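Following this line, the structures themselves.
You will see two complexes here that share chain A, one where it goes with chain B and one where it goes with chain C.
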Partner chain A sequence: MHNFSFNIKHVGLLALLGLPLLAMAETPEEKGLAIAIEADKRDTGWQSQTASLEMVLRNRHGQESKRNIRTKTLEVDGDGDKALSIFDSPRDIKGTAFLSYTHALVPDEQWLYLPALKRVKRISSNNKSGPFMGSEFSYEDLSSQEVEKYSYKYLRTEEIDGREAFVIERKPAYKYSGYTRLITWLDTEMYQPLKIEFYDRKKALLKTLTYSGYQQYEGQFWRPTNMSVVNHLTKKSTDLHWKDYRFKTGLTSRDFDRNSLKRAR
Partner chain B sequence: MLTRSSLSALSAALLCIPAFSYAGEWSGYISGEFRAFANSPTDARQHDNNLSFSAQPEYYTDWDNGRQSFTVVPFVRWDENDDERSHVDIRELTWLKAADTWELRAGIRKVFWGVTESQHLVDIINQTDLVEATDGEEKLGQPMINLALIRDWGTLDLFVLPGFRERTFPGEKGRLRVSPRVDTDQAIYESGDKEQHIDYAARWAHYLGDWDIGLSYFNGTSRDPRFAFGQNNKGQPVLIPIYDLIEQWGLDLQATLGDWLWKFEAINRSGQVDRSGQSKSYTALTAGFEYTFIGIANSNADLGVISEVLYDERGDDALTPFADDILLASRLTLNDEQSTEFLLGMIFDSDDAARLLTLESSRRFGDNWKITLEGQAFINIPDINTELLVGVRRDNYLQLEIARYF
Partner chain C sequence: MSESTLVIRYAQWITRHPWLVMLAAVLLVMGAASGGKNLAFKTDYRVFFSGDNPQLLAFEALEAMYTKNDNVMFVLAPKDGNAFSEETLEAIKTLTEKAWQTPYSIRVDSLANFQNTEAEGDDLLVRDLIDEEIELTDDNRKKIKRIALSEPLLLSRIISDRAHVTGVNVTVQLPGEKITEVPEIVAFARTLAAEIEAQYPQIDIYLSGMVFMNNAFAEASQSDMKTLVLISFAVMLITLGLMIRGFSGTFTTLLVIIGSIVTAMGIGGYLGFPITPPSASTPTIVLTMAIANCVHILVTMLHEMRMGRDKKSAIVESLRINMQPVFLASITTSLGFLSMNFSDVPPFQHLGNMVAIGVVASFFLSVTFLPAMMSVLPVRVRRVENDESHLMHRVGDFVVKQRQKLIWGMTILAIVLIASIPRNEMNDIFVHYFDETVQFRTDADFMAENLTGLYLIDYSLDSGESGGISNPEYLREVSAFADWYREQPETIHVNSITDIMKRLNKNMHGDEQSWYKLPDERDLAAQYLLLYEMSLPYGLDLNNQINVEKSATRFTVTLQTLSTNDLLALDKRASDWLEKNTTQLSGKEGSGVSMMFAHIGKRNIISMLVGTALALVGISLILIFALRSVKIGLLSLIPNLIPAAMGFGLWGLLVGEVGLSLSIVAGMTLGIVVDDTVHFLSKYLRARREKGLDPEEAVRYAFRNVGMALLTTSVVLVAGFMVLSLSSFELNAGMGLLTAIVITFALLADFLLLPPILMLFDKKKTNKQSIIKEPGHA
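For the complex of A and B:
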């Protein structure tokens, strides 16, 4: 990225100012949490967000199937976000809409709108580890990342694909999580993830998620263009291609109620 | 088919569309369906295996930042054997205006109320399109003006329903049907306004934590006909549908507690004449649960177990065969990229050995095709005139449907 060299100088300057001395007083857990809080703080204030994404599912033989989804998200102070996903394809589920009020530690509230039946169904949300639309992403992977969702441990700082990253171990606090731990490479400049390794309930490496094509919006918020996850057990993979990010769109909680599900387009 | 009052609701919808055109979008499906029967029919005039095609395009456009929209969904079916099943309907033709505290809809629409799986007691706005699906899940478009008030205390939906839609019934050759067949040309109405009677309905819906609740009221012509024996113009015996004026209160509740969904629906209806000719107010309910085993056998698949009790205070005098029955069902969702699903259910009559077995399964092929396999079996249906299902006792079938979505 164009401001990479600036970043190195920036970090070097901080080192000269004696920041490492301060860091020494911290335990790895405290440092991990501090980084998570900083990442959360930097990504606060976008109010609402809309985006489109193409999801490409690939099986072990390389056969692809695609889904097109639009998302609307509302930032909620002191709680998880409200999110509405609308499916444009596959065409047989066109108009299906998924509304969730996410929470850090208690199950989310989730409703599904089935356009063929005109039916709004409240659905069980215990299972955040289940696959999202038959993809290698789980609901848990795609829901809002609240600080309280994990405990943290800073491991090291290292370079990954030419970027400097904090390597942090996270353990889910949510008892129905599908993971025992996540190793996250968090960019030291953007405070956004570059790579996440997910370890399953048997503590084996289940899948690896990589982020690329970050762009900054509103002079503050970094968002990836691509997210790619590979399941090491099934050899299946899913790519997300994001576009049309918009922030501070004027959406209100009224756009995230059960009535809005029925007219979501 | 469309009455004058429903046309006025329609024109109200059309008037709200600005004269200049917007770039709308088309979607929908075309579908071919083959139904194979295990036995020869009860009535020799009825068909055996059957082929049918249907199409349901949808046009949608919006403006005013998505706060106003217009939707048209026509439906057409051609059936190889049953003239009554070959039919056309307008499923939807609606103008919508959404504001911060209210939503107004005018035109023809489908509305669903309720939570249970085995039957839909509180769901009363739309008439059943019985020729479409034997399980009564398909509905005809209903002309309406619907104002939804959206407040902190929930959503209050108010409905004016001008124009009654008669239930569709299979024709002489049609299958599955009651015997003798229903002659819809001779329908009788309690209201002097007949199908022009204006019905009213209201529903309050809200959620509190794990609970979703709905309370509803309906005043107008019953969607459920009772029947009188009669003759058609050829002197053949037929059943004549009679539509009473009724009043109905409904309650639907769902508690979503972890992997458990607890469901309850109850209605109290007055004005509906039962099979003994009495018009007593009665209560009917459906109550049960769905429990989901998540990620069975270390896979992504979920297995749901469903059980519901179906009860109608009128017992044998009820217009439905489900007066005192139990549903046991199992839903397997593979959560794979083809969205493969199976639902196998059986309704047990607690008075006798009668059973109704239902299978529904579907799977996507490629990005645009979907294959659905459905079937029903009617087991131990007594061959007596008072049995409501006597006409379908030899109608066990399997149905394969292939749909192309666009």
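For the complex of A and C:
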């Protein structure tokens, strides 16, 4: 949702979509892609972003556990975003910082600074599908949503919770994704997701993510206040409460390199 | 109007309106039978535990804190005995990939997707052990083997120590909404296994795990329903043919039996009872009980006809004579089965209730449908002058003459057997609930012998504070506990978070073996975990071992197949060790399926003691009331109680182990054996009170009049319960065999012990007063 990469493929597709005749004979796949591209375009230009979030984990008994994280994100042209997460609580991981360079189709680059070890460790792994800090969010749910990460198919337009939404099916292009498909309800005004259903490797509904409390920043960028995901198999759930969104904060790529990890507080 | 004339009028009415009675009976039976549509085969071992069972609650709490661990285990046995050959590794990869398609799966663990961590400078490499990009060269295969065999998470769980058998374990989360969930998984797993075997013919696949055990319950029920019911119908036809010797009687009895069975099952269906192996034996038991009722009525009727009566008046006379004893026998038998409601094991409650319903139905059908149909069907008998049994004459004489020797002999036999009761040990091996004809049993045995166990004990080791699992003290104690468990001879595998901690610490220090130890600082441990969790893929996370608060971890021990006693003893040793050696941990009780089954035997015995005692009181009161004599009623306790005691004594000598199902036998048989006593005593009392005979002659009279009927019904009962002993489900087989033994002893006690006791204690003057309403003739 954060940026748009002008690679050859997409320029070509845009050109095609620009042709009115073809646009009229649009296939569901073309329409889905066009909506994804539009969503991406509308969310371009924020340059950098900071925010804090509280994560509330619940098991099927409703027992809770909380974590607090601050995030910094840098918009990158032509590739996935760079993101830095700083963990404030629980106490024993305070100061741990996680840096990632998102890529669409190859493994992300990931580093973690462990204050107790006073070292930066690079994590070399294909995996993006594991749980983020033990939550029901996987790392791939929270990383930036590049257009190339999925193939698209427009299904229908319907009302959900009083808002009109495009319903779009997405299939991950990344081989090691934990999902086979995602059904997204994308608000037709904000071009932001209202709800996502995730289907696991056996094509069964695994979890549902709902977004709420959208606010517009800088007169352009919509961000949710709450994100809530429920795992239908384990009945565990996780809520994210976002606050203090700031944009165009002046962060540069120097704030997102290995050395910056140790400095991040 | 006396009771007797009421019965006569009733019987006459029935013989006058046979078609109406038959139609009404058929309609009622069909109405009840329509409940059969609600019956379903239950495929969940949890059905054996009542909702308030403490071990079930503990285990459910543990599962709620982590995840449910129901699983399917594919056990791969390469014919060349090498799990690390190129072909086998390929097969593991293929199977692992496809196993993700298992319905309701949330996790797949195998050598292929084991998340191996390695250090490379300051990089932490996290990769599948058999990664797609790794070529399976000799060197790489050696490396994979070296890692697998030195990894505590894998050794003896996923790979055997001899490296000859390996497993692919699929964890499933059953929503528990549909009855088809387990069969669906089983069908998928079997198809997949067959596919892999076809693709890799050098590999044999065995299927085990909790899902397959659950399924075995249903398969055992189904096979019992099919084969045992057929066998018992065959046994029934033979017995009836011998005793009734006529098409009409046999055919009518067959209809009464079918009517009783479908009524029992149908009402069971309306009551929401599931079919489980214990309740699947309902048809066989109802059949056995229903025969007894029909035989009593038919035998008297045929006897009267041979003595010269016409058919209709023979039917009326038979009902007059039998109405009360058949009613009494049905009531006491039902009471005995209803005592199973005190069992802590719901399937036994279902069995008891359904059989009780069936027995009551068979009573009603044998006094309505049976006489109605017999009055319509043709019956031919040969007339005789004296239809009494010569055999029973001789038995009666023998008992009277040898009464001194018999009372001593029987007393000594009873004492010897009763003294052997303590030889019985409370012992169950729940895998052995299924005999070797059940595929699950052989596959589980193969897995236990070659790879890993089916018995798990789970501990939720709680640090008592949020994030406390990173506390070095906590980790040290958990690790020491793991070390202790690994020294126990019963242990196959221990799964503890501390092994992951040690490996990560080593990885963080350039894979130095000397760093294979627990981190010293709390923050460091917490940050390792964070790092590790960040790097894991979907389904292979630690949420199944660490709770959300990070205050507790799941500690799982895999054990050899153990008996109840050994398991409870080991658990005791473990909690004693925890008590003595740890200060940080709470949650010292082991839990899990094995522990639940280990506790349920004892719990069931205790709850059944109450049920059996109540049944005994109820049945004794009925006897005292029916026999109108407190003294005789109390004397009757001897032949009622001694058979079960002798049966358990003989069991102690022959087998020595009682399991879950045997604890219900005492209450259940009480209701059955009491029938013999009632019939014998009522004839004896009739001779004493009405005919004024002395005790010796009264005993002879009783033998002549009811001896043969008792012998034949006992034979039917023993045959019926021996059919149950053929069940592939050990609980049913044991119950059937012991019940057959108890019924045999009951006949012995009624023939050889009760009469001498009566002759010893009933020395009062012979008189003709206090004419009682005769409760039986049989």
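Quick note on the criterion: the second predicted complex is superposed on the first by the 240 of 265 C-alpha atoms of A that agree within 3 Å, B and C clash if a C-alpha of one lies under 4 Å from a C-alpha of the other, contacts with A are read in each partner's own complex, and residues count from 1 in each chain.
Assume a contact is a pair of C-beta atoms (placed from the backbone, for glycine too) under 8 Å apart; a residue touches a chain by one contact, two chains touch by 3 or more.
All of these numbers come straight from a predicted model, not from anything done at the bench.
Participant: Specify the outcome, clash or fit, for chain B and chain C once both structures are aligned onto chain A.
Facilitator: Result for chain B and chain C: clash.
Participant: So in the superposed three-chain picture, is A:P131 touching just chain B, just chain C, both, or none of them (first/second/both/neither)?
Facilitator: After superposing on A, A:P131 lies in contact with both chain B and chain C.
Participant: So in the superposed three-chain picture, is A:L105 touching just chain B, just chain C, both, or none of them (first/second/both/neither)?
Facilitator: It touches nothing on chain B or chain C.
Participant: After the superposition on A, what does A:A173 contact: first (chain B), second (chain C), both or neither?
Facilitator: Neither chain B nor chain C is touched by A:A173.
Participant: Between chain B and chain C, whom does A:L233 touch in the aligned arrangement: first, second, both, or neither?
Facilitator: second
Participant: Quick one: classify A:I123 as touching chain B (first), chain C (second), both or neither.
Facilitator: The answer is both, since A:I123 touches chain B and chain C.
Participant: Based on the superposed arrangement, let me know which partner A:H61 touches: chain B (first), chain C (second), both, or neither?
Facilitator: Only chain C; A:H61 stays clear of chain B.
Participant: Counting only touches as set out at the top, which of chain B and chain C does A:R91 meet: first, second, both, neither?
Facilitator: So A:R91 meets both chain B and chain C here.
Participant: Would you sort A:R263 into first (chain B), second (chain C), both or neither based on which partner it touches?
Facilitator: Only chain B is touched by A:R263; chain C is not.
Participant: Applying the document's definition of touching, compare chain B and chain C: which contacts more of chain A?
Facilitator: Of chain B and chain C, the partner in contact with more residues of chain A is C.
Participant: Between 512-520, 638-646 or 692-700, which chain C stretch has C-alpha clashes with chain B?
Facilitator: Clashing stretch: 512-520.
Participant: Per the definitions at the top, what is the overlap between the chain A residues touching chain B and those touching chain C?
Facilitator: 57, 59, 65, 90-93, 117, 119-120, 122-127, 129-131, 133-134
Participant: Any idea which chain A residues touch chain B in the complex?
Facilitator: Interface residues on the chain A side: 57, 59, 65-66, 89-95, 107, 109, 117-120, 122-127, 129-131, 133-135, 252, 254, 257-259, 263, 265.
Participant: How about chain B: which of its residues touch chain A in the complex?
Facilitator: Counting only chain B, the residues touching chain A are 27, 29, 60, 62, 66, 69, 96, 98, 100, 103, 110-112, 115, 137, 148, 150, 155, 205, 207, 212, 254, 256, 258-261, 292, 294-295, 300, 302, 335-339, 364, 366-368, 370, 403, 405-406.
Participant: Residues of chain C touching chain A in their complex?
Facilitator: The contact residues of chain C facing chain A are 61, 64-65, 67, 100-106, 120, 122-127, 173, 175, 466-467, 470, 508, 521-528, 530-531, 533-543, 546-550.
Participant: Flag every residue of chain A that touches chain C in the complex, lowest number first.
Facilitator: 57-61, 63-65, 87, 90-93, 96, 98, 110, 112, 114-117, 119-134, 138-139, 176, 178, 200-202, 204, 233-234, 236
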